[in-house]
């Protein structure tokens, strides 16, 4: 394992410290417990948005703290959900008097820790609502599993709910928009290589030179199946078709297409995937109204990509277009 | 030794030791069907528990006090799924042990409460390839042992033996809870890390009792 | 070699096609010859800015086409300078009547091809000025080499010269600002792993598990020296100190600090590097007035990073802050 | 065969063949001390040259015409350093060969012009570990051969032999021009890819002349 780190046990702290220094105009980093809040938080009269989860998915979540998106991000250890005693203080820190929405990726650990944090915040008189993101269609029989995972679709929920909060919606309203996005976003990913968690020191799985993992999550877990390496167009089909099918996309619909890099994939390859995914959507008569291509929800240095499609309506489109000023997303 | 607060403290120390010894093995189990952090998470957690107990101004006088420190420290330092699950297990266990010394029935009650805590949070039943598959047979074995009049030490041994067998029994299971469930059929053929760590922790309870007080 | 591509010979075309589809609001892709122009080009009355070079450094250069930055980007084959017959048409396409500035990274191939293109454009009556970017301090004895390479400092030249062009400076003025940035920017990079050019299929060099290459360029070339793997803070010192020394930075100065990922480095690690680089600058009494951390000038999927420092003055600071709307940089 | 337009066309085809045969080898040389694209770039270029020549409505009638097509096609398809350098070499060579058939002196003039083209663009002298280290001895050897009355075929052979030796002689050199110069001392111990490809192209010129016209 070769990494630009000093000490596996300190990498999250040092990295977040650097993040705070680099983006002091946008965020403030609090330590003990560690969390990142929007500069000037709490914003009085605005619903607060808090997300968080294991580290290693950067720029998720700290990169999305700022105007029009999150009010706080709570980074856990690498690939490990943060604990209630950092989530709860972050929640209190961004309450502007109108309650706080927790955006939680659907993993047992995240759900349980945010659950306890919400109870703690509630005990302090802060109303908390929770939206679960579970966009990963790779997890097929979700009745017989911990349910679908939350992956790159999280970005869309954070952006659009953030815009709703910014325009002044109340907690129920922001939660409703977030739920609508969560209900209309689906993703599927592929890994060409594994990633190495600093404390583990060995790659999360072993792939030969001609194998890939289809249906991976964002924690270096193996995927649903291992298949032979194939041209990008074929792989992209294996990702995009289940996403379109699961959404039940039909002709005339408008979507956001996000091609997300897992951290170690050249941008040039992501655009090759985007090209094919777009062709497949258009072949169904779907209009790609908005696009995003890049490393947005990653698995450390994993090589691979995911395809995320969000069904748009007029309101979610305009909330997507609303101004955003964060370290990793701004317009 | 009698199962008093000294035992409880020793259980904690022994737990921290076995977790440190098996850290890499637990990471490796979790790497196979999860995200490779289980050993690291527990190691961070039990290290914190020990230093928190060491730092207490007034030493605890009851088993329940010790278990409560374990519970809150695990909850606030472990994270992931195991943090809340173990945290709740120890918290529930702490509540039923407001005694200075545990008999066999109290040991059973402690284990039952722990299992209830895991199930209350995680909603898993046996056969789903989780730590419940270690805790559940452990509780059953402890109940049987107590019913046939075994000593507290023997009850703990029975629980640990059953938990170890339960962990082994997760090998062929297809996970339907926790992170391994994402793998579907591919989760079969690997031991559940949480079941493995549960067996280690229950064995530590027995060892702490068997060893007698340390210097 | 596992890559999300279809055919090594088609990867640049397909990738740029995808790029054009994803960012149709910002750019237009022209084919035969292939180049990318700002939507609505040429902008009448504005000096045009053209850059280009081998592909594989994305988002450089196409990701920087748009308001406040480049008017055209000319992608060559992977790591291969484009030819005059794509550079010259791109130059003509963005001439708004006030001439065109070529921003050229200092490599023999790029210099020669842009030279010919400038002659061809001149023959068509378009005035062309050229600024060479040569910020890489790893190339020490530049008298006895092809000179210093242009690396991540290119981004700063493109951004600041682009802002000068956008505010209406004439060609001489834009060129002068570009020269001033080029004269005040220095970089140095490290590789933890090599990269694999699609047509080559094997990594650009071979490193063992405990070696790194210090002083690498952005073409997968081996660096100046191979050293044992070290903690991030030490590596960062090996990059930052030569940069600061070469710039002759002294107390009280203001700089832009860019920590650039080579393509396969997790963002979390880049912030660990940023943290240390900033400490080193501040220890010299230098103020980090502006910061940028991310994958901006890459070498495909190489793991590694570079540290770039630009000495700022009041004008270059305000030009840096000026609005920019491109696929990869916007504020 | 006589060194006429048929020879020139055959030289081009033979060049395309040897570049294809040595593509991987040239990539590998360039990977060692450059960016690994030299073989790919020349392969793309000469493939384009052949298809351009094949597509001409009226076949060229002079050596110079052929070389000009080579020059412009390389310039517009190769890119990198080699594109403009070889392009200019062939362009200059094309100018001195407005003849239907080349004698020994004309062969020398052709090679001299090629070298001048490379030097005009690249500003390198011998010993800098570039293609000049193949071209320069080739020109000198051709001059000598012609001076002692060798046939055009023998002149081409002498040039190719000298270019091959010149390429080998770049092995120990420390590069001071081109991409390999960034490596400093580390560039020693590797053959310069451009010198290697130059030797291949000059050998192709000789082979085309030695072979006689193809079917």
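The first chain written gets the first letter, and so on, giving A, B, C and D; residue counts start at 1 in each chain.
Rule of thumb we're sticking to: a contact is a pair of C-beta atoms (placed from the backbone, for glycine too) under 8 Å apart; a residue touches a chain by one contact, two chains touch by 3 or more.
Small disclaimer: the values here were computed from a predicted structure and weren't measured.
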Minimum number of chain-to-chain touching steps separating chain B from chain D: 3
Set of chains adjacent to chain B and to chain C: A
Distance-maximising chain from chain A - centres being C-alpha averages: D
Whole-Å gap between the CA centroids of chain A and chain C: 29
Rounded Å distance between chain C and chain D, as computed from the means of their C-alpha atoms: 32
Centroid distance [mean C-alpha coordinates] between chain D and chain A, Å: 54
Overlap residues in chain A, where contacts from two or more other chains coincide: none
Multi-partner residues of chain D (each touching 2 or more other chains): none
Category of the chain touch graph - line, ring, star, complete, other: line
Contacting chain pairs - touch in the sense defined above: A-B, A-C, C-D
Residue ranges of chain A in contact with chain C within the complex: 1-7, 11-12, 14-19, 21-23, 55-56, 58-59, 63, 192-193, 209-210, 212, 229, 231-233, 235-236, 263-275, 278, 288, 291-295, 298, 300-301, 303-305, 325, 328, 330-331
Chain D-touching residues of chain C, taken from the complex the two chains share: 54, 76-85, 107-109, 112-113, 115-116, 138-141, 144-146, 149, 197, 199-200, 202, 204-205, 217, 219-222, 224-225
Chain B to chain A touching residues, read off their complex: 27, 31, 33-37, 40-41, 44, 75-85, 121-122, 175-179, 181-184, 186
